[in-house]
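Labels run A, B, C, D and E following the written order; every chain starts at residue 1.
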Amino acid sequence: MDAGEALLLLLLIPAGAAVAIMLVPQRYPTAIRLIALAAGTAMLANAIYVFAVYDYVDGGFQFDLQYVWIENVGFLKENGISLHLGVDGIAAPLVLLNGIVAFAGVLISWKIDYRNKDFFVLFMLLVTGVFGVYISQDLFFWFFFYELAVLPMYLLILVWGSTNKEYGAMKLTMVLVGASVLVFVGIFAVFVESGTGTFDLPVLRAVEFDTGFAQTFFPFFMIGCGVLAGLWPFHTWSPDGHVAAPTAVSMLHAGVLMKLGAFGIIRLGIEVLPEGTDLWMPVLLVLGTIAAIYGAFSALHQTDLKFVIGYSSVSHMGFVLMGLGTMNTIGVNGAVLQMFSHGVMTALFFAMVGALYDQAHTRDITQFGGIIRKMPFFVIFFGLAGLASLGLPGLSGFVAEFHVFVGTIDAFPLFAAIGVLSAAITAVYILRLLGRAALGPFNTRWEGLHDLTRWEWAGGMALVIPIVAMGVWPDPFVDRIASAVLELPGVEQIGGRLADLPVIRG
Amino acid sequence: MFWIDHAWILPAIPACAFGLLALSGRFLPRQGDWLSILAIGSAFVLFFFVLESHLDSINAGLGGIATTGFDWLTVGDFTLRIGFTVDSLAIVMLGVVTLVSLMVNVYSTQYLRHHGKPEPRYWWYFGVLSLFAAAMLALVLADNLLFLYMAWEGVGICSFLLIGFYYERPSAVEAAKKAFVTTRLGDVGLLIGIILFWRATGTFQISEIIEAAQAGRLNDQAQIIGDGYLTMATLLIFLGAMGKSAQVPFHVWLPDAMEGPTPVSALIHAATMVVAGVYLVARLLPLFAVAPGALDVVLAVGLITALLAGVIALTQTDIKRVLAYSTISQLGFMFVALGAGAVGVAMFHLLTHAAFKATLFLGSGSVIHMTEEQDAQRLGGLWWRMPVTATTFIISSLALAGIAPLSGFFSKDEIFAAVARSESDVVLILLGVAAFLSAMYMARLVIITFFGAPKDLAVIRRAREAPATMLVPVIILTLFTLFLGFFALDQVGDAFGFPGGINNFVYFPEPEDFAFSATVAAATGLVSLLGIFAAYWLFWGRNARRAVALRRLQPAMAAVLENKFYFDEAYQWTIDKAILPFGALIAWFDRMIVNDTGVNGPADATRYSAFWLRYHVTGRLPDYALLMIVGIAAAGALGFLLRVG
Amino acid sequence: MSATEVVFYIIATFMILSALGTVLVGNIVYAAIAFALALSAVAAIYLILTVEFLALVQLLIYAGAVVILILFALMLTRARERPQALFGRTRSLGTIAAAGLLAALIGAVVSTDWVEQIPRDDIEPVPFSGIGDAIFTVWIVPFIIIGIILSVALDGAIMLATPEEEE
Amino acid sequence: MDLEYELIIPELVLAGLGTLVVALALTFRAVRQEVWGYVSAAGLLLLLILTAVFYINENDDFANVLAVDNYTVLFRVFFLGIAFFTIIASIQFAGDRLKNHGEFYGLIMFATLGMILLASARELITAYLALELMSFSLYILVGFNKLNPFSNEGSLKYMLLGAFSSALFLFGLSMLYGVTGTTTYSGIEPDGVEAGRNIAQQLGNFGAQVVDSTLPLPADVRPGLIVGLVLIVAGIGFKVSAVPFHQWTPDAYQGAPLPITAFLSAGGKAAAFAFFLRLFSEGLLPAADEWAWMVAIMAALSMIVGNVMALRQVNLKRLLAYSSIAQGGYLLIGIVALNADSLRESQDAATALVFHLVGYVATNIVAFAAIIAFYNRTGRDDIPDLRGLAERQPYLALILSMGLFSLAGMPLFAGFATKFIIFQVAVNNGFLWLGAMGVTASFVSLYYYLMVIKQMYLYQPEGDDVARFRIPLPMMGALTVLMAAVLLVGLYPAPLFNAIDHATAMLFQGF
Amino acid sequence: MPPLEHVLVFNAILFAIGVMGVLTRRNAVLILMSVELMLNAVSLNMVAFAVYGRVEFGNFTGIVFALFIIVIAAAEVALALGIVVRTFRTRATANVDEVNLLKW
């Protein structure tokens, strides 16, 4: 069942939508919105299709599709550079994630009227880039889409952003592109060292790299991609970026874009240079743990809603990096789960914050109080996201974080303890936030507030469903992810230790 | 044998009820409270089926332990399971939970009405109640630690929601937050402990873990779990138990939790949720038994809690808070029992305590509901305004005080017996003091609430006997309070179908016989009476001046007591002076060092370098030519160095 | 040491001196004259190197046309009416740099063994006639190009130099 | 000797066209001057099409000094294209702000002729003359805005420094001539001379002589050779405006009339690189060890200085001047990567260089064309003047920002693909540090491009003139076509890449 | 005939003097003259190499090169003077270091 066209469609729908929107005159904002909505729905359907049809029993890369771009010229040999698409168990959930978040993003940004044409064009470009990264099987195009995903961000934040946007936008763009410089160099080196004359990832994966080389160039991928994943101490772009960005962009950004980083560490780091993992993954784990606790504490101090969530993203991405750092099946599995979980959850957060900000024009927690009276649905959605993020069982966050902790404790009990602790601190600031802003005596200043618009409500729903679904029945996700994680090179399989305990098994 | 294998239906029903209520509660007739009652009621009924088939299986010699479940998710050969197990321990809890929940549900239909019309979010209240029931039942039935943890957190969040039910009140929000966070702190330990056990044994199945641990201890072949490791993990788990069961120093949340509606306090913060900790330790007692020193810790914590809480309870004036502290101290008793290794006894006390404490709370609820006043200082002389309530209240207070032949007497006596059997006399004496205190504060509460002259006429004028829907549950529970104790006796047990009485029924790890020793019984009875007398001597009517005098005699002491040993202050100080500042520090570091220096620094450096570099393009042609020649000369020289010389 | 060599060294020294004069003297007109002298010296050296044709061209084009042009320019830019310092602020640095360059060049020149297949005393004079053939056969393309260049330069010079009516 | 003039028809036609336009313009002064623009544009387009259609796929040469091979033909098409778009872009500009249109367009065409000859010359004298033909025309064109002091100043500096640098260059050539005794790069010999006298071969022999001393060759020519190479590199470095020979660039660019700035930055640089590449691969490849390090240093300096200087510019032309210096640095990497030991790697380097050259030039013309369109309307070319362009003329803003993104090497556009290839080649041939430096430099460059884009999109239009305005149709068409080309190169460069690879294959036949 | 090296040394000196002139002079015309000196040095070099090496009869590379250089130099002077005059018209000076509107 290699319907690779489905993947091609993943790219063509948003790109085509961008072009189509470009052709519609600015005079008809509604038409533009409708096109965007149609595209979003199609993408969501497509993503769900890919996710559902992916056969985790076979595992491996499916939906394989390859169009040669340049080959057999100069230093490029067979399939030198080719648009090679494919999805494995790790990419499939992330594709789904992107579909969901993009769909919700379209709904949330329904009420943008200032040059919404340009907005949606850039938005679609961004989505294209993200999809591309998840499904590319060729280093060149992987990087192509990786940059493409960062590129529109600048304008999106610059034009439609809010607080201190020039600084935020510039910092975000420069930091991310600067980090990608490392990835770029790494790609060069890998290509040359491999001597295969192709950027095709399957080929490069097969290559056995010299350990010294791998250990030298692994950090290029680890840090280069890690920055995008909010790797401590290169994370500060993310809170500022989130705060500055318009709602939908924050959603995509925290929800999906930051996952590209972790995804890149898996795709380029672990898969291509497994020889380097032994040396570097512990470092990643330490940094991830620091990020987890550090982000949590920073979030404690913030009063701006978006800053709280921005730092909580740092903290949660810290869990992802922790999970990767463990380099055992459960940890990595948890990392990918956390990517999905955090993606949906934080997207929901930002969607809600945006909905509030559009009315209240402030995000200062201390300004609010008891707004549940005016915005019950807002509070319910927000609360759900919060509970998910503090790892409440039954919601997606718990499944992911639990895996991460289990994976971590196997190798580094202390770090696992720190991780669990930071999860507890998460509870502190989330509840503090809810208590201050949503509950308590009603602050009459907000008489004017009204509840979510139906578009926001729909967007919120689109995000709530996966949160609950994954929390209650994670099996579909885990099956797919595990099918890929168990194949990852250098990842130790743990669990089922009882097998070698005579006393238990009789 | 059907029901014992399908016990998962019990939690399933209220869970569905919650779903329905959450989605459609508002629109149902009577906002769907009947739905919740129906669900819990059916669960209660089913409980008897389960019990029955359980007894069958025991009599069939099947050991009465049945587990069912399904795999939740699988990574390689790492599997997470949703599993249910039914054994006598679970049965006991099932009974308690379903019974009290049902009573509280019924009671609440009245309590949550203000002058006959339901309070706002009435439907939500019942929804969460049934969700709580579901979670609690799941917790009881869980056969592996992971699932248990999930349910554990589930009940936690329900408690959060219910404490914060009146979220217009900042105090309620604060209390909810406090409760959740404090227990959460314990849960950190719990989770780490669970994972540590997984790390050692590779499973979450309680039975297998116990097996492995014991094996590791018994045959000294390569120890699967080292002693230190075992103790650490066990105590970490106990941390979770302490959090949930509000043991010192985690007890601070429970009194504040009284901000919730009183029925909730009865259900969650007296009868069921708070005893989850006890239940957990009881479940894992074999681990504690094999882990060196673990049991001693449990005992110590329990003892300290029992004493401290008892003392504090003496000084409180808010009815519910007194009851809360008494709950804490009674939980301490249970932990003492566990520490003495007597599971059956602990469970028995749990059972009886559930009954009388629920009664007390519901009673106090009636008082509060009727008088709209919960400060005991301003009540008094109520007994003739609401006699039934008063009677039930007094009965269960006596039970708590441990007056024969009420249920409390039996259970507490059991505890003393167990302790006397296994522990040193010091413990016994301290426990006696605790018992004395409990008798004393209960008596004090009764005295200042129901007897003496009414202190506030407005209040007393408002006071009426509670309506039937509130009385009936109270009365039913009172009956249990009255007669539950006798189930400890073999004869009664045989009559009711579980031979050997209730402790014998709760056999785990091995049966314990009801050891009635006249001396102990006499001692405890005496202690209780002394306590009651002390209360009378200090607080009855005009005697109150003695209390005042006492306070004047020891002002510092009194202050310490009335401020509850400054626990809250200590916590507040830690938060305000340690944690939040640390957060601020991190935030500052993040801004100043990481961002403004680490990120902006290089950028600014580049821009400034650009600013200075600009000046090399002077606009004067000779300078341009000069630079060219310099470049050439340099290149030439370099060339000679590199290639020729 | 033959007579030609003696003559060569004398003329070369003279060439250098007048060149120095060109770049050093403080008076523009003297500089121009020194310039002309240097060019003539170069022509003489061509003669010594037995390339009469080039010597002729040198005299005609350089010592003739170019010098005249330069004098015109000097007048047009009224360099004489406004006597002023003729050296920029980079004088010392420039001198040093030039000296450095000179050192490099001389070092290279002396330390290199140049292509010198035949002993230098039996070099026969370059035939005057052959050059023409070479230009019109082998070097035809450069010759065409140079034609275009000249026309371009001429056109450009005129176009730029002609005053606009605004001025 | 008989010469196959059909081989150089395009050059002849071009020369004729140039002369014709000049002459006609001088004759019929009454005619509206724009006409000459359209005439020459039409002629160039025709010529371009013909050249492209009759694509001579052979390795021939004219009079032993002009190579007529794929490389030449490629650059014929390339330079004709540049000239065509320059003229299209300059018609309105010239009509509003310049005089003597005949000479203007004629000089553009003569410069183009010089560029084509430069790319096809395989002999030093011819190359030098072609270089001067191009340079002279450009000197004049830069100063074409006669009454504008900036224009004069730019022209003066460009002219004097140009003469200075060509003198240095010539001294280098003389050294080279003294070492090798010939001026032919390689391969085919002038008639009447026994075979075996060409630069590449001589240098190769010097290399060989180390192992085999029986060859009748001078013992050590290295000092002279090195000095010669230093001066040659300096001379060409001046033309490609590589640090430290770059300072004329911003002044000339800023002074010149805008279309000429475009022409300068596109054509001039491209021609210089075409020459650079042919000379150093056909002729000087055997001596790679002697010059590679110089070029490497120049490349590094250019990338750093160019990008850093651009950070603080306020004038668009100047900004683009510095950015083109930096781009020159990236292109120099291609020269550095030429490798005497492996012809295949050398050809990769050459291909990558030309590839990036094409991408860069196309992009640059887009950017400049957009700026010209803006300048025609407003007469201003400072960055803050762009404020609110996205409101006033969204299409223009879009095109300009696309061009800038492409210059910054962002995906979808030519810049990404071409830069990727050239850096990759550098790393392949063992210059990881240069590749890394290039990537870092282009990352820095992103900053100032973004600053420009910010002006267009973030702010509202200011000042007296805030109305929306329209762009004349030819300009619009040119912009669209060019942007399409940029996108094509960025998204599907395979055909172009293959063509270039065939072309560069010609450079390594002499070995 | 003098040895080749000596000729070359003199040329080099001439060339260096020209360079020095360019670097030190400020008047455009004088700079131009210095450039001419450099060019003369170059053509002398060419001729010297051609003569001392083997002059390929029918080829005359060096000599022809020198010839062309002279012609180009003349054209260059003409053009340069045109530009200098043009600048003088707008700026009333021929001193290159006063012509620095364009900088930085």
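The criterion applied here is as follows: a residue touches a chain if its C-beta (ideal position, glycine included) is under 8 Å from a C-beta of that chain, and two chains touch if they have at least 3 such contacts.
Note that this is a predicted model, so its numbers are computed, not measured.
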| item | value |
| --- | --- |
| Partner chains that chain A and chain E have in common | B, D |
| Chain whose average C-alpha position is farthest from chain C's own | B |
| Contact-richer chain pair (by C-beta pairs counted) among A-D and C-E | C-E |
| Chain whose Cα mean lies nearest the overall Cα mean | A |
| Chain located farthest away, centre of chain E as origin (C-alpha) | B |
| Separation of chain B from chain D, taking each centre as the mean of its C-alpha atoms, in whole Å | 79 |
| Chain centre separation (chain B, chain C; CA means) in Å | 103 |
| Chain A and chain C: spacing of chain centres that average the CA atoms, whole Å | 71 |
| Separation of mean Cα positions, chain B and chain A [Å, integer] | 37 |
| Residue list for chain A, restricted to those that touch at least two other chains | 174 |
| Numbers and ranges of chain C residues touching at least 2 other chains | 88-90, 93-94, 97-98, 101, 104-105, 107-109, 111, 114-116, 137-139, 142, 146, 149, 153, 156, 159-160, 167 |
| Two or more partner chains touched - positions in chain B | 614, 617, 619-623, 625-626, 629-630, 632, 636, 640, 644 |
| Every chain pair meeting the contact rule | A-B, A-D, B-C, B-D, B-E, C-D, C-E, D-E |
| Interface residues, chain A side, partner chain B - complex | 171, 174-175, 233, 235-237, 240, 294, 297-302, 329-330, 333, 370, 372, 387, 392-394, 398-399, 402-403, 405-406, 409-410, 413, 416-417, 420-421, 423-424, 427-428, 431-432, 435, 439-442, 474-475, 478-479, 481-482, 485-486, 493-499, 501-504 |
| Chain C to chain B touching residues, read off their complex | 88-90, 93-94, 97-98, 100-101, 104, 107-108, 111 |
| Touching residues on chain E, where the partner in the complex is chain B | 19, 22-26, 31, 96-97, 99-104 |
| Interface residues, chain B side, partner chain A - complex | 72-79, 146, 149-151, 153-154, 157, 164, 167-170, 173-174, 176-177, 180-181, 184-185, 187-188, 191-192, 195-196, 198-199, 201-203, 208, 211-212, 215-216, 219, 221, 224, 579-580, 582-584, 586-587, 590, 594-595, 598-600, 603 |
| Contacting residues of chain D [partner chain B, same complex] | 156-157, 160-161, 164-165, 168, 222-223, 226-227, 229-231, 233-234, 238, 244-245, 247-248, 250-251, 289-290, 293-294, 297, 305, 308-312, 444 |
